[in-house]
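First chain written, first letter: the chains are A, B, C and D, and each begins at residue 1.
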Amino acid sequence: MPEKHNMPEGAIPCLDKGFVRLVDSMGGDEAIVQAARVSYGKGTSKVSQDRGLIRYLMRHRHTTPFEMVEFKFHAKMPIFVARQWVRHRTANINEYSLRYSEARDEFYYPDPEHIQFQSALNKQGRAGKVPKKLTDKVMKYFREISERSFEMYQELNDAGLAKELIRAILPVNLYTEWYWKNDLHNLLHFIGLRSDLHAQYEIRVYSDAMAESVKKVAPFAWEAYQDYVVDGMRFSRAEQNLLETRLPERVIDDIVEDVAYQITATLHNNKPRKDGELYELYQKQGGSDVESDFQLKWDSGEIELGNVRELKEFREKLTKMKK
Amino acid sequence: MPEKHNMPEGAIPCLDKGFVRLVDSMGGDEAIVQAARVSYGKGTSKVSQDRGLIRYLMRHRHTTPFEMVEFKFHAKMPIFVARQWVRHRTANINEYSLRYSEARDEFYYPDPEHIQFQSALNKQGRAGKVPKKLTDKVMKYFREISERSFEMYQELNDAGLAKELIRAILPVNLYTEWYWKNDLHNLLHFIGLRSDLHAQYEIRVYSDAMAESVKKVAPFAWEAYQDYVVDGMRFSRAEQNLLETRLPERVIDDIVEDVAYQITATLHNNKPRKDGELYELYQKQGGSDVESDFQLKWDSGEIELGNVRELKEFREKLTKMKK
Amino acid sequence: MPEKHNMPEGAIPCLDKGFVRLVDSMGGDEAIVQAARVSYGKGTSKVSQDRGLIRYLMRHRHTTPFEMVEFKFHAKMPIFVARQWVRHRTANINEYSLRYSEARDEFYYPDPEHIQFQSALNKQGRAGKVPKKLTDKVMKYFREISERSFEMYQELNDAGLAKELIRAILPVNLYTEWYWKNDLHNLLHFIGLRSDLHAQYEIRVYSDAMAESVKKVAPFAWEAYQDYVVDGMRFSRAEQNLLETRLPERVIDDIVEDVAYQITATLHNNKPRKDGELYELYQKQGGSDVESDFQLKWDSGEIELGNVRELKEFREKLTKMKK
Amino acid sequence: MPEKHNMPEGAIPCLDKGFVRLVDSMGGDEAIVQAARVSYGKGTSKVSQDRGLIRYLMRHRHTTPFEMVEFKFHAKMPIFVARQWVRHRTANINEYSLRYSEARDEFYYPDPEHIQFQSALNKQGRAGKVPKKLTDKVMKYFREISERSFEMYQELNDAGLAKELIRAILPVNLYTEWYWKNDLHNLLHFIGLRSDLHAQYEIRVYSDAMAESVKKVAPFAWEAYQDYVVDGMRFSRAEQNLLETRLPERVIDDIVEDVAYQITATLHNNKPRKDGELYELYQKQGGSDVESDFQLKWDSGEIELGNVRELKEFREKLTKMKK
């Protein structure tokens, strides 16, 4: 656990001595909507419409309105984490400099549970449980190299040697810190990559901590990013071919039916219709059950609500798969 | 048709008076591979391996190696096309300046077939056939405003007025030109957006012309981009839910079977096995047909080849859909 | 004058119908200091130290802390102005789209005083006074082409033609609008270029309007940018050679004297010294007047205060010029 | 000295085991000129005009044409050098990954002459000569920590532990390598900062090595960058005030005289004039010597040639200083 007394107020602890802290932000969901609506010059809108618009923008990869929201974090992390992090080039960074300032005796020591074997399947992953004896050795080595190198560093620093040179003997588990500023579009991309299961555990912790801030500052954007990008599934042309060959038309028809029910229910929910109008509305949406079946299903209360535009787009995709 | 005598050598004509010309490029498929392999320090590799690596990189969105290839184009297009184009901010641009230089009497006049109605469905699209009378009027107006404004411009220019001011009366169908340089990753993204059917026809023509250069300079990268990004299909969380509910397990099992056959055939193709080893290999890949059925299908010659790594990843995705 | 009823609250009118409005900002001088001080981990500081630090950062082109401040503007301007503006690629932009939305009848008509001749000296400038008859003609032409093209546009739009196509006949003096977001470092660079006398008048108006916001949000950064970049003077190697050949050593010595006095006065001002210590302090700063002369000058009250670090750096530059 | 057998062909050795190698480049001086001339549509030009144009562009900070030239380097350097380098965000990078690949036993050991004390004046610099005893200790510590940490790394790697984790004990003097691609404008900016005397010695070596490639690929651009940016001198508003107060008008007049002679000689050199025309030409350039003095000086053969446009701009700056 990070030592609390060293942490700025409001910081989320990360790893054993690090943290992430939201320093400032500009805009939120409403700023995305404002930017997207510059085309219409229209005034305020209902929150429900805002959510729909944000989901539409995300679904269609209209990314520029998400760039209108800005986040600034203060973070402290081991150098090897900072080295991955810095590869996101749209961010603005000010980092603690070991040319100017003295190194501090703060090194990352992994918890035993995160000391794992090299994954055989995933060239950049970890797998399996390590025997305690080996775990202990890893921890011993981390401690030994950190302490020994810092001792040397201090001795050479006390002897007056140039800081920029002697820092070269410090290992990459040394903690550094920085201010890091980025816009929401690029921050979501960062989180998408770094909170992924394939990312290294030590950076994932920071990515997950920043995700908490995004959820609070721009909840609709966060939700849409999860639904369309993170939890989305993507099929290549070859995969589609295999899928389409095997997928019975009937299955697609069944899904199109489900979609027709969901659209009808959603439209009715947005603007209630008279009982007599519902079946016709359902037919217009491509539903093909007879009226009595429709009534049965309708009364079952099992029809979920969705987003009308999204459902229509899905229907289009499905229809393409039939040919 | 663009007037040929005004076009630089090797230029591809675009619209009535424009063009795109590849001025220079740096690297190609081999530069992508070289950059991706910096991790291994290994020497030359077979072309077939290069293709596999490039497809792997594209499939997993490892985009940085694609940034190692650079393209420079010389292009001439109407101002309203340039205004969309310039929004791709990673490019380097040098444009003809109407502050320094005199405007030239070159305006875009659409072909009758591209004069269409506003689409009712798609707020930013065209649809339907326009009666000749109306088409003629559009063409007349384009000509009238272009000629009249240029006449005025020339008169004011001859009177010695400041170019930077009087150019303000020229319409956005005036042709401009520029040098435009970008890396392959960002160029593919441009083409993905601007060669899409939702892009405006007038910019699509230029995007398609640049695509020709990409195909020649980096054919494997081009192919992979088509297969995984352009022709890929993406399902949101909600869509997956609907799909999974309706998709019979049997269908998924069938596809997994197809995949097992394709992997076996591909492995055999890469490194021929003895007859006796094939069935075992197929079983290892998750195949569950009995040996006689396997033999029958194998002998049919209908099994397609694929990419082993891609097929295995697809199998994983399918398995997830079953739960 | 822009019509006030069309303008958002707090907007600064620009040209005849445009405006610039600061929508939001993140951070100010204190955010620059905070980012620069991450190296020291020190707490709060006095305002006077903040100013000194900001000036130091600007003088030495340490630009990253200035990137920690963010501005978002809403602006409305003619297309030909937007075309220059958009070339600043670090900004995030959402613009009114004529593919989605109808064009509005708003065109830029220059004031007579800004209708000038093409400068003979400056290929991209204006010069001289234009006779009223010619000015009238320019204004007539602006009006004619704007009105005629808009009439045509409306007629074709009413006939249902595709918006994305028919907008191509509208001239570049048509007003567009956007949200534009950028960090302080890049915004200062924008203002440096676009508020310069060589910039086109029509964009200078917008740049000057944004400068007002910078002055309020980050006054020290603004002041430092003026002093070191905008009002700085730069000599090339060849110019230095000419300067050094002709500059009598005595002149340089005189300036070094001035500098010694200013440093002494500034140090004394920061931390008052006893009378007896002043002459010694002055000598340490390279002063070579005898004590009585020193006293005379000191008592004159004519010695200006400056920034100690800056003055010392200047002394170094001067010394180099002597050799 | 770097071990030659480990170095790619054509690489420039840097530090004890590193190198920089130009892998590829696109364009050179002629590409800058081509991009800048898009405004004129004119054909080929004389080399002497190219040089003048490039110098003009550099002098006036017209940076976009320099972005049209691209460089790609392969480099190997210690991690602490890579950490400074990576802060230049416009570059494209592919780096050796210690998540995928095994670390190699290559560490930077400084030469004794580069082991120096911390500068008292310059918080980020080195100064002074270190006694041999202390130098030896530094070298011993570099070796000890490098060897010990690599021994541990190998032992843990042999035990099958995850590479991405155990690399965390390796010090930042470990060598890494990458492909690095950037355009000329940003590369010059990099070299301007990193070949400066205030840059850390260990990165300066790499910057200087890359400068060799720039000199060969774009010699005019390189020369102009040196003359106007690197060797330029800049005065702030406060410094100008001090300078102007003390600078006798007579000195400025003398320099203006020099400038008049140089312009005349340069014009004459470009297009020889008849003897009778020279004095008049000189007068037009602001020269005020009587004809006999002019003749004397002219015949002395001491008048240097320069660039006419640059000299005229200098005269303008000087004139401003008189007021």
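The working rule: contacts are C-beta pairs under 8 Å (C-beta built on N, C-alpha and C of every residue); 3 or more make two chains touch, one makes a residue touch a chain.
What you are looking at is a predicted structure, and each value in this text was computed from that prediction instead of being measured.
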- More contacts between chains, A-B or A-D: A-D
- Query: Taking each chain's centre as its mean C-alpha position, how far apart are subunit A and subunit B in Å?
  - Reply: 27
- Message: I'd like to verify one number: the distance from the centre of subunit A to the centre of subunit D, where each centre is the average of its C-alpha atoms, in whole angstrom.
- Response: 40
- Query: Tell me, which residues of subunit D touch at least two other chains?
  - Reply: 93, 97, 100
- Taking chains as nodes and touches as edges, what kind of graph is this: line, ring, star, complete or other? complete
- Item | Parts of subunit C lying in touch with subunit A, wherever the complex brings them together | 23-27, 31, 34-36, 38-41, 64-65, 67-68, 70, 72, 74, 92-97, 100-101, 177-179, 181, 183
- Within their complex, subunit A touches subunit D through residues 78-80, 83, 86-87, 89-90, 93, 97, 99-100, 108, 110, 114-119, 123-127, 130, 134, 137-138, 141-142, 144-146, 148-149, 152, 156, 159-173, 200
- Residue numbers on subunit A that touch subunit B, as the complex places them: 59, 226-228, 231-240, 242-243, 245-248, 251, 254-255, 258-259, 306-307, 310, 314, 317, 321
